[in-house]
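Two complexes follow with subunit A in common, the first pairing it with subunit B and the second with subunit C.
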Partner chain A sequence: MQISKEHLKVLDIIVKISMDNASRSFSKTIKHAALIQLVKTDLVDISEITEEMNNDFREMVASILRLEGSLNGKLMFMIPLDGALTLQDFYLQEEPGTAKEFDELTEGTVQEIGNILASAIGNSFAAGLGSMLLPTPPQVLCDFAGSIFAQLIFEESVDNDKILLTETKFKLSNTEIDCYFFLLPDLTTLEDSLNEYEKATNINP
Partner chain B sequence: MKRVLIVDDASVVRMLIKKVLTQADFDVVGEAVNGIDALEKYKELRPDLVTMDITMPEADGIQATKDIIAFDAKAKVVMLSGIDQKEMLWQAIKAGAVSYIVKPFENDRILSTLNEVINSE
Partner chain C sequence: MLINNNGNIVTVGVGDLKIAQSPKVIKTSLGSCVGVVLYDSIQKVGGMLHLMLPNCNDRGGKPAKYADTGIPLLVDLMVNKAKSKKNALTAKIFGGAKMFSVSSEIFDIGKSNILETQKILERYGIKIIASRLGGTKGHQITLDTETGIVQSRIFGEQSANY
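Coming up: the complex of A and B.
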């Protein structure tokens, strides 16, 4: 796996700009502030990240999408099940505690939040790259964190020991709910895209 | 009362749009979950307006808009999408959409756009 430190820095800058845009869209969608607590871009060891996820025994709801265009990749929005129910109440503007168990509305809420976040990321990258980046329809999963994460990285883990991963952690204001957003860029398209982005924006890492 | 068909693969989005439109005296005559369903429901219901998502399984909103316009050149389709990219806006216009709203949207924005489209008849 080849990616230079300079490209990693450029990617980190783009991801931070993208996540600012994504958090605004997220907050507007649920009409509550979604505060960014962490944005991290790194080459990570698959066995380490898998172990970390397997040690998280919370049941999660996740929305997995692909980003297709000049830069390909996978995106995942993941939130603990109890958080997803709170998110559903926010999104549907219901009284807190209205949603009691995972159902079609919970699935739809996580699906739509994943779509809004992925679109915001695609819009930010597309603005820099000057080409279209489109999300695919989301797939929604409800399972333990480790199982969901294994599905996200399944293809990459077949041939690689490390993956390039950007991780963003949001906290929903006035709640104890954390949620996560992962971007797994496809390395074959990433380098060309970052070169184009550098040229277009004059970013000098 | 103007008759509207809502097209979106997410049930919660259809529910929210329906709530907003119903409160503003629109008549939501049907809902479709993808582009193929959209064309079938359009032919069956002949609504005055269609709100159309873009990212959907089976057939996306651009293809569905082309198909609906091919069936009825006077159809009024308003796109509702999180995709805020000029190339997609062009594709939507070329497909025959009359307006484009970027998600997440304000309720007033949907109502003002739909009323504008209706009054432009």
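Coming up: the complex of A and C.
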């Protein structure tokens, strides 16, 4: 897998802008501040990153979407099960503690947040790189953090021992709830998009 | 992510394998991947492989990603590094879930992983003494190298010892 350091820097900047936009959309949707605590873009070893995930014993719910267009990739929004119930209350503007059990409403909320974040990312990439990205309908998984993450990276790991991953961690203000957002861009279409971006801007990244 | 910093816990990632001796525990989380646990009760040494595909097919990369290259490597580590006798080794296998609802058998990679794992262990003459396989949910497995017991937890179910 090849990506230059310069391209990685450009991607990092676009991802940070995207996550700012995504954070604003997220906060507006749930009428509650979602604060970005970490944005990291790196080529990571599949065994090391999954080892880190397998140290997380929590049960999670995740919404996974594909991005299709001139830039392909995968996105995942993941939140602990108990956090998803709080998120549901925020989203439906109910009193905190109203949602007691994971049900279709919780699943719908996580799906919707995944859609909103994916749209914000798609729009930011379109504005930044001129790449068209369309999210596919989300698929919701409810499982252990490590098992969900392993499924997210499965296809990319078949032919590669390292994957390009951007990880964002949000904290919902005045709560102890962390939620995570992962983006796995497809390397081939990403390189094409970054090369087009270089040509269009006529600058070296 | 929450990191368990207990020095006695060894965590295995995807496409990786590790061995450890009592009193350590070895753990991993599985989806469609298969976890192969080898144990030597005489030396109280255990090994865990987290494989994701049945066959290497000249793909290259980490040998522990594949059943046909990962299992020989795990056996080699147990025999040549941990100095276990091959006939003292027993196996337990876990995972191989069908995480996404895809109807085609071709895409049931979990099932292919299970079948290839069973075939290779049989070829090595290593007996599978316990297993918890398939389903549609992830597994968390933890091997206690002191006892050889594997605690298996499937999402939404009670944990059980194997």
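Assume the second predicted complex is superposed on the first by the 196 of 205 C-alpha atoms of A that agree within 3 Å, B and C clash if a C-alpha of one lies under 4 Å from a C-alpha of the other, contacts with A are read in each partner's own complex, and residues count from 1 in each chain.
By definition in this document, contacts are C-beta pairs under 8 Å (C-beta built on N, C-alpha and C of every residue); 3 or more make two chains touch, one makes a residue touch a chain.
Source: prediction; values computed, not measured.
K.L.:
Should the pairing of subunit B and subunit C on subunit A count as a clash or a fit in the superposition?
P.N.:
Fit: subunit B and subunit C sit side by side once superposed on subunit A.
K.L.:
Between subunit B and subunit C, whom does A:E112 touch in the aligned arrangement: first, second, both, or neither?
P.N.:
First partner only.
K.L.:
Between subunit B (first) and subunit C (second), which does A:T189 come into contact with in this model arrangement: first, second, both, or neither?
P.N.:
After superposing on A, A:T189 lies clear of both subunit B and subunit C.
K.L.:
On the A-aligned overlay, A:L92 touches which partner chain: subunit B = first, subunit C = second, or both, or neither?
P.N.:
First partner only, subunit B.
K.L.:
Looking at A:N72, would you say it contacts subunit B, subunit C, both, or neither? Reply first, second, both or neither.
P.N.:
neither
K.L.:
Given the touch rule stated above, what does A:A150 touch, subunit B (first), subunit C (second), both, or neither?
P.N.:
second
K.L.:
In the superposed arrangement, does A:P137 touch subunit B (first), subunit C (second), both or neither?
P.N.:
So A:P137 only meets subunit B here.
K.L.:
Quick check: superposed on A, how many Å separate the nearest Cα atoms of subunit B and subunit C?
P.N.:
So the smallest C-alpha gap separating subunit B from subunit C comes to 15 Å.
K.L.:
Of the residues on subunit A, which ones does subunit B touch that subunit C also touches?
P.N.:
Dual-contact residues (subunit A): none.
K.L.:
Quick check on the complex: what are the subunit A residues that touch subunit C?
P.N.:
Within the complex, subunit A touches subunit C at residues 46-59, 139, 141-148, 150-151, 153-154, 157-161.
K.L.:
For the complex, which residues does subunit B have touching subunit A?
P.N.:
Counting only subunit B, the residues touching subunit A are 9-13, 15-16, 55-57, 81-85, 87-88, 103-104.
K.L.:
So in the complex, which bits of subunit C are touching subunit A?
P.N.:
Checking each residue of subunit C against subunit A gives 1-4, 11-16, 27-33, 50, 52-53, 59, 61-62, 64-65, 97, 99-100, 137-140, 155.
K.L.:
Touching residues of subunit A toward subunit B in the complex: what are they?
P.N.:
25, 28-29, 88, 91-92, 104-105, 108-109, 111-112, 115-116, 118-120, 122-123, 126-127, 131-137
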